[in-house]
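Only one structure is covered here, and it is reproduced in the block below.
Chain IDs A, B, C and D follow the sequence of writing; residue 1 opens each chain.
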Amino acid sequence: MKKIDKPLALPIKKIVRESERVKTFIFDYDFPGKPGQFVMCWVPGFDEKPFGIIKKEGEGFSISVAAVGNTTKALHMMDVGDLLGFRGPYGSHFKLPEKGSIALIAGGYGMAPLSYLAQEARKINLEVYLFVGANKKEELLYMDWMKEIGVKVHTATDDGSYGYSGFNTELFKIYVEKMIFGKVFIVGPEIMEFNATQICYEKNIPFEVSLERYMKCGFGLCGQCCVDSTGWRMCVEGPVLNQDELKKVTEFGKYHITSSGKIKKL
Amino acid sequence: MLDLSVNLLGKKLQNPLILASGIMGVSVSSLKYVIQNGAGAVIFKSIGPDERTGHKNPTVFSFEGGIQNAVGLSNPGIDNSTEKLKEAVSTLSVPVIGSMFAENVNNFKIVAEKMAKTGVAAIEVNLSCPNTEDDFGRMFALEPKVTGEVIRAVKSVVGKTPIIAKLSAESPDIVEVAKSAEEAGADAITAINTISGMFIDIKHKRPILTNKYGGISGPVIKPMGVKAVYNIYKAVKIPIIGTGGVNTGEDALEYIMAGAAAIGVGSGVYFRGIDVFKKISDEIIVFMENEGYKSLNEIRGVVHKN
Amino acid sequence: MLDLSVNLLGKKLQNPLILASGIMGVSVSSLKYVIQNGAGAVIFKSIGPDERTGHKNPTVFSFEGGIQNAVGLSNPGIDNSTEKLKEAVSTLSVPVIGSMFAENVNNFKIVAEKMAKTGVAAIEVNLSCPNTEDDFGRMFALEPKVTGEVIRAVKSVVGKTPIIAKLSAESPDIVEVAKSAEEAGADAITAINTISGMFIDIKHKRPILTNKYGGISGPVIKPMGVKAVYNIYKAVKIPIIGTGGVNTGEDALEYIMAGAAAIGVGSGVYFRGIDVFKKISDEIIVFMENEGYKSLNEIRGVVHKN
Amino acid sequence: MKKIDKPLALPIKKIVRESERVKTFIFDYDFPGKPGQFVMCWVPGFDEKPFGIIKKEGEGFSISVAAVGNTTKALHMMDVGDLLGFRGPYGSHFKLPEKGSIALIAGGYGMAPLSYLAQEARKINLEVYLFVGANKKEELLYMDWMKEIGVKVHTATDDGSYGYSGFNTELFKIYVEKMIFGKVFIVGPEIMEFNATQICYEKNIPFEVSLERYMKCGFGLCGQCCVDSTGWRMCVEGPVLNQDELKKVTEFGKYHITSSGKIKKL
């Protein structure tokens, strides 16, 4: 897979509003990338940030972006035809089992990489159970798409406005007691990921998690995204780690490094 | 037996390959990972008097044959770093070198003094960052006199800790700068830092880096680095850490034959992977075996005899 | 209709691509061949006061992304060249620019005066050859003051012939040098010349070039050239011939967006063949068509606005 | 065909003395190159000069060098195992006809490229007539090799010590009256080449000639080897030119440019 390491300018082809906070930006370009990998997206005049790559069948590629700060808000202001710069794909990717059932545990924009993974899993006829959490119904992403491709969707909302009332990890815990998942894939806020991985460890289910760290270079040079105590780079050896690898990442669920290099508690 | 070890500033390195400053060196863990991959010594990312988040992204990208960066000396500041440095010194298995910068002589002294107390094997004084002109003005390493002043000031507060002056090929006077650093008490020279340039994205119609300019590293700057080392070697007695564009054993050998005592490897981590250190060591060994050499001392500076 | 023509020093060029000095430009025939392949103007190889055979080979070779040369300003001397220059001026279909060098102000005047009389469209004053240090000492273009002196002296003897000061990115003061050249009467700036470096052949254990050092050209120096043009553009009013590493339309556009009035193409003749001029023109046209531009004026210096 | 543009250090594998003035240096390396093309050979500490490439069946490659000046004399002093640096192959090459008879007109080390050409011609079963000239018998090169591969050798020596007494072009002129050559290949001193081409023009026989000019870069950049009035580079468009191309080279047989760029009469 060829990497693009100098920003490639691409015009936005289409913008889809997924929820109050999330928009999907679609590009007419066959950017390489597997589920779990990310691109560095340059918003000219603002910043360049990592986003999970999505390659929906029949589209070039897209990113789904939650407006959380300056750059993502600027991105949300952009129009069709505006240019963004892309590098990537970077990082490790999810590895699907060959058959059986899998569970996806998604929080927030964690749905972005997991939606792409769900698509690939359905292509090889895996049973896909999605446990997705959000504050409220309006924050849930890709529900139509997921149902369309035959994903078994289980939702949890903090306010109970849709599906289970509470955390998706709680919901997952209920299901895990009565079902057998060959592998679990976890992407969301670190605290959600931490809780989900605890359940998997307890139940001895193999899993992969995407561990997000602040990224600068994205390709393994600056050390910004290195984790304790292995020193692995979340832009190269990560972001996708499995249950054995994650055990060595002592900082998981505890702290990470800021852009100046200071330690920040979760 | 073939021996790649070198003695540098009173320490024995198992091999001459030193992780260059600013690459990977943000934490004890990241350095440990580099050492597992074969580095003979490691240099921390440069630390200054205060916390800096650096420039906004894009701060780093790669092009054919090189890397451009303007990370902008992001660092947690010396006071947030001393514990980390101490931990590195006490837990890592190879010599740990600190790197520092500051915007004036006084702050150089403050940072250097604190850093020396952590027990680092040496302090590299970064006089040559091309990416902070707007904040700090012209780089110190352009001028022999200024370089001498900084080194003298640093030397006055670090006790026995060896000092390495990191220089820039952007100075046409780099040899004079090196001599001035030696005179001021520098114990070694690192040559070279990145060389400043600009890339424009013609579709965006703006420079790629947020900082507009950025330092270029990797293979494209190797000939400038080798020339610098060749000329500095003729002019000073202190050892030189040849740095810039070393990706392969052949690259390292060019520097060693030009006179380098040891080799800095930075962008090679991108170009060849984290195990670039092992790969380069292996390639040097193959060359030496083929040519019948037993130690790097036999070829250091050999170009000066031909 | 899309128009690539530019006005430079009172002449109209069909396209902004100028053959850089030292490439091909040894005879009227060789220049004619270059023009047939699409150059908008041509610059002769630099001519000095006396005949020089230059350095011994190896004087030129190529590596990944670049060329290194230390031809050593071989030339037949101005007195053996005036007839050829006149013939070129009278027979070639595009503006013919002479290039000159000398080792001191007096000889600069002598050569310039003779060259001006040949009727060349302009004289490029090569202040920045990195390959003749042993013969001529430090290059003039390192210092604003020295550059000003040379340009003033040349201006005093050339009458109305426009003067182009060819500068070097090896000077950290290149912007000051450009300003000084402008003040002294230079009508244009060429930036940049090659950048000096060294390649060692580890099997031979010696530098590849007989001259040991040599100037590096081609893609690897483009970022240094673009940065120089970007900064000079902000500081002077006279036009800039952006030179260094232009192989493609995209490269040329980077320079133009940084502010270049025209583009020098040298090593591109190696990297893409003699028809590099046609190829670059075509690529610029495609870009302009896609983006809806009609003239280069619309994009010249556009980066400064973003 | 991949070019090597940065000198490649190769040890001399074998040295063969061909004549008083010529030695062949053989290298155990499959350097690319067709008959008529040349390599730039760096003799460390001396200079780097062009030599025709020879790829004798079963060998890597070789050059045959006449000791004429400083560099070639230094080369003659070298031993097996010593290193030389090679770039190339450069320039245009000879194009053989598909069938019929060809004539080779060789003077001095012109035999070097033509011997390689003869080998290739014999491989495709062309009839090869060689008209080779030298001062004396001892200066004739590759006679055994040529006979071995079935080349019809016709020699001319200035002193009459072997074969025809006089110039090889005179000898060729005699044969051309009674024989039909599909194509003629000419390499030797320029005056010999000039005479040979005159005969071919008169008789209307297609030919190719190798036109040697002073070379610096060898790859088309420095302009040192450009000829009047086309401006063609003898290291790229030449050295091998055909009868039509040569007509446009007005300086042929008259003058060339020295390393400083001055014009020098033949």
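Brief remarks follow.
Rule of thumb we're sticking to: a contact is a pair of C-beta atoms (placed from the backbone, for glycine too) under 8 Å apart; a residue touches a chain by one contact, two chains touch by 3 or more.
Just so we're clear, the structure is a prediction, and the values are computed from it rather than from any experiment.
Chains that touch both subunit B and subunit D: C. Subunit A and subunit B have CA centres that are 36 Å apart.
Each chain gets a centre from the mean of its Cα atoms; for subunit A and subunit C, those two points are 51 Å apart. Taking each chain's centre as the average of its CA atoms, subunit A and subunit D sit 66 Å apart.
Of all residues in subunit D, those touching 2 or more other chains are 44-45, listed in ascending order.
For subunit C, the set of residues that touch two or more other chains comprises 199, 204, 206, 306. Chain contact topology: the protein chains form an open path, each linked only to its neighbours in the line.
A complete list of chain pairs in contact reads A-B, B-C, C-D.
Residues 5-7, 9, 40, 42, 44-49, 83, 85, 87, 216-224, 226-233, 236, 257-262 of subunit A touch subunit B in their complex. Within the complex formed with subunit B, the subunit C residues making contact are 64-66, 68, 138, 142, 170-172, 195-200, 202, 204-207, 212-213, 216, 219-220, 222-224, 226-227, 230, 250, 253-254, 257-258, 287, 299, 302-303, 306. By the touch rule above, subunit B contacts subunit A in their complex via residues 22-34, 45, 51-54, 56-63, 67, 69, 71, 74-77, 80-81, 199, 201, 203-204, 206, 208, 210, 266-267, 269-270, 273-274.
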